[in-house]
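Below, each structure is written out as structure tokens.
You will see subunit A twice below: alongside subunit B first, and alongside subunit C after that.
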Partner chain A sequence: MDALLQFLFSGLTVGAVYALVALGFTLIYNASDVVNFAQGEFVMLGGMITVFAYQAGVPLLLAATLAILITAALGVALNKLAIEPARGAPVVSLIIITIGASILIRGATQLIFDKQLHRFPAFSGDDPIRVMGATILPQSLWVLGGALAVFAVLWVFFSRTLTGKAVLATANNRVAAQLVGINTGWIMTLSFGLSAAIGAFAGVLVTPITLVSYDVGVTLALKGFAAAMLGGMGTPKGALVGGLLLGCLEALTAGYLSSQYKEAVAFIVILGTLFVMPQGLFGAKTTERV
Partner chain B sequence: MLTVEGVRSCYGRIEVLHGIDLEVRTGEIVTVVGANGAGKTTLLKCLSGTQPISDGTITFCGESFAAVPAHKRLSHGLAQSPEGRQIFTNLSVEENLRLGAFLYADDRVQSDMDDAFAMFPILKEKRNLAAGGLSGGQQQMLAIARALMGRPQCLLLDEPSMGLAPLLVAQIFDVVKSLKARDVTVLLVEQNAFGALKIADRGYVMETGRITIQGHAPDLIADPRIREAYLGI
Partner chain C sequence: MAGRRKWISLAVLSALIVLLPLVFPSGYYYRVGALVFVNALSVVGLVILIGYAGQISLGHAGFAGIGAYACALAPEHLGLHPLLALVLGAAISAAMAALIGRPILRLKGYYLAVATLGFGILVSMVLTNERALTGGPDGMVVSDPGLRSLLRDMGWRVSGGEFWYGASGFVLLVGAWLALNLYDSPTGRAMRALHGSEVAAATVGIDVPRQKLRAFVISAVYASVAGSLLALQNGYITPDVAGFMHSVEMVTMAVLGGVGSVLGATFGAAILTLLPQVLTVFAEYEQLVLGLVMVLVMIFMPQGLLPSIAQRLKGRNK
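And now, the complex of A and B:
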């Protein structure tokens, strides 16, 4: 029982990060139908930039803010420099562009920073908290709380603000969105900036636990993608549930079977989802009259 | 109000509009009728900016539209209710209407919405339902109401009667006719030539990317060429 709780704690922590990556996928997918495989790199950049700013003597909070802002700017640049000029190209081409961008970002990070593993101190120390026989790191609570806060803010954004509704409208019907006066190009820029910022935020939260190096983004993108598929591509709710579920599945697999199988879980989830319910858990079951 | 001169447009290398000239004066209801594939929808897309033109000029209220992108044309006073309705299917009826007034954040938004509900009471009943679940006629009403929320001086209507039951067609045409009293100028594109010409002031007949006949609507209804080709009389 203690073991189960312990596995769930670690599963939820990792799952919260997957959920944030999946949310990044979802935002860009909704605005442009593109699956942005550079999403994992945003998480890595959040961690890396914070690490190096912190080592250079910048206070941690400021370093983290800086990392999130710089990454958001890079997300906007990715849209402006790579996606927008290729407008009108098939979605598959755009997806390949994002894969290229992810390779470029990894390479540049290697050159500008280095290839080592890094971390910075946890926000509230490293003394584990005991809960019913299991332990949880204070940083895990930061990760979970941070993820939930992001989802809450986004929920308010989409359901209560006109700009949020304009994003949903653009996702639903780009031409009609233009006809009511929505600048859909700007909505795409906003989505890329927001996704990058959310990714970087996840990187800032999780680096004290999992450490960061230039190549952690690849796995994260894959896991986040699996989480988004499981929850249903395009729904923030699906991203949250899919992420947490995938994290727990991984932790339980590692705990009860063997940690060697852990990495396979994401692949099995992708395949299983595609075979059994391609829409995912919360994917839109389109009921439309024509 | 709206002047179109020599407009040409292509899909890839195939030209579908071969130099269209057309005028809509303030306060008029003008209709463009023609068979499926004549290029009517393409013409409206050119006017709203969602389809590029390769030649010619579009002037709206004395201003050239050449450099005005699609999302800025509504703020100049030109709205389009597109073919196939194109509502936001996963948003509620009310959200669709609110987005129609995306450019505005004043008190008139609410009163405009009340107007829309008065015009189409069924929309008020279904205001909180997803728009994708509405029937075809209700979706058409929503598309028109959403376009009106943008406070247009001129409304482009693309095939509002398409796929609707005859009773609904009559209702939609009544609404279009009533727009005149609201000082909205209308350019109506229709396959249902008889219904459209009956409510219009002037009409243009379009065939394979060209305007072939134009005139006052009553004259066109009486024109034997049109009676034979489009009215089935």
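And now, the complex of A and C:
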């Protein structure tokens, strides 16, 4: 029982990060129908920039804010420089563009910073908290709380603000949104910026636990994508549930079955979801139009 | 017209394979050339899948991995000749492709990309984790197929580089010939029809799932044979051959050169294979340049390098 609780704690922590990556996917996918394979790089950048700013003497909070802002700016740049010029390109081209962008970001990071593993101190120390025979790191609570806060803020944004509703309208039908006067180009820019900022925020939260290096992005992107798929592409609720579920599945697999094949869970989940219920847990069913 | 196009492609390809060695400054270039041909072979397979049938795969390195490890494992454990192992690998790849292709190919676009990606990564995970069998991440040695000594007995002395240059060049030619034949065959036409519109293709009586599956299986066999050749000519193999990045490279090569044509595929394979060789001095910049090339070509030459250049030469700038 203690072991199970322990596995769930670690599963939820990682799962919260997957959920944030999945949320980033969702935002961009809704605004532009692009699956952004560079999503994981945003998380990496959040961690890396914070690390180096902090090492340069910038206070941690400021360093983290800086990292999130810079990453958001890069997200916007990605949209302006690579996605918008390729508007209407086939899916294959868009996949290559975003994968190319992720390789580019990785290459640049490795040049500007380095190839080492880094961390900065946890926000509230490293003394584990005992809960019913299991332990949880204070930083894990930060990760979980942070993720939940992001989802809460986004929920308010989508349901209570005009801009949020404009994003939803664009996701639903871009042309119709344009017709009622929504600046869909700006919505796309906003979505990329927001998505990058959320990714960077996840990176800031999780780096004290999992460490960061220039190449952590790929796996995170794939896991986040698996989470988004599990929950159903395009729904923030699906991203949250899918992320937490995937994290727990991984932790339980590592605990009870095989730690080597822990990484395989995400991909089995992807394949299983696609075969059994291609629209995911909360996704809407769609039919092909001629 | 169609027939002429085929013979022109084949003639250009064979001329390149035969004439290039004349300008090679050293034996090392035979190795690089052989690598280009092997990559081009798997990319020709992707031309059938992506260019003809309009499907995508981010997991074809998985099939290359199966082919490569078949050549590494079968001679050791089953006592098969490496060339038979190549055939065995191709058969396993085809069976795998047929098995997973059915459910996977119902998906479209990103979903298909991610499902195939999942398959590829699972293969590379098995290869990495089953240390007892595959040697894990360090890889394993592949025994020599003994073809070169056969040639030597016939009084024909060639270096390893020269031999594999010729052998892979020959296999690439055969692969290109088959792919070009397929293009105008009923099957090839059916594939291209469903590329245009699945609904329309189904309406005129094309069995869409069956044709998609065919393209998937054929391209899997190409990847598998390419993987086997790679293993044989290198003499060792690591799980990287089945890795995600290899799949990405393969698709990039195909799309970079111009995914509709066999020549374009070879061109894309050549560029992406040579890029790291050219950049060895600037190894640190390799990823940066690779990423930049991928993004820029896709934005400015969405049809790929070769068709875009050809169009420009013809002065049909649009």
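By our rule, the second predicted complex is superposed on the first by the 283 of 290 C-alpha atoms of A that agree within 3 Å, B and C clash if a C-alpha of one lies under 4 Å from a C-alpha of the other, contacts with A are read in each partner's own complex, and residues count from 1 in each chain.
Here, a contact is a pair of C-beta atoms (placed from the backbone, for glycine too) under 8 Å apart; a residue touches a chain by one contact, two chains touch by 3 or more.
Remember, it's a predicted structure, so these values are computed and weren't measured experimentally.
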item: Contacts of A:Leu179 with subunit B and subunit C, given as first, second, both or neither; value: first
item: Subunit B versus subunit C as contact partner of A:Val91, first or second or both or neither; value: second
item: Which superposed partner A:Gln110 touches (first subunit B, second subunit C, both, neither); value: second
item: Between subunit B and subunit C, more extensive residue contact with subunit A; value: C
item: Contacts of A:Ala169 with subunit B and subunit C, given as first, second, both or neither; value: first
item: First, second, both or neither for A:Ile268, with subunit B first and subunit C second; value: second
item: Intersection of subunit A interface sets (partners subunit B, subunit C); value: 288, 290
item: Residues of subunit B that touch subunit A when the two form their complex; value: 48-50, 69-72, 74-75, 79-80, 82, 86-91, 95, 98-100, 102-103, 105, 132-136, 139, 146-147, 149-150
item: Footprint of subunit C on subunit A - complex, ascending; value: 35, 82, 85-86, 89-97, 99-108, 110-111, 218, 222, 225-226, 229, 260-261, 263-264, 267-268, 270-271, 274-275, 278, 288, 290
item: Subunit A-facing residues of subunit C, complex; value: 50, 56, 58, 103-104, 106-111, 113-115, 117-119, 121-122, 125, 129, 197-199, 244, 248, 251-252, 255, 259, 284-295, 298-299, 302
item: Touching residues on subunit A, where the partner in the complex is subunit B; value: 162, 165-166, 168-169, 172-173, 175-184, 284, 286-290
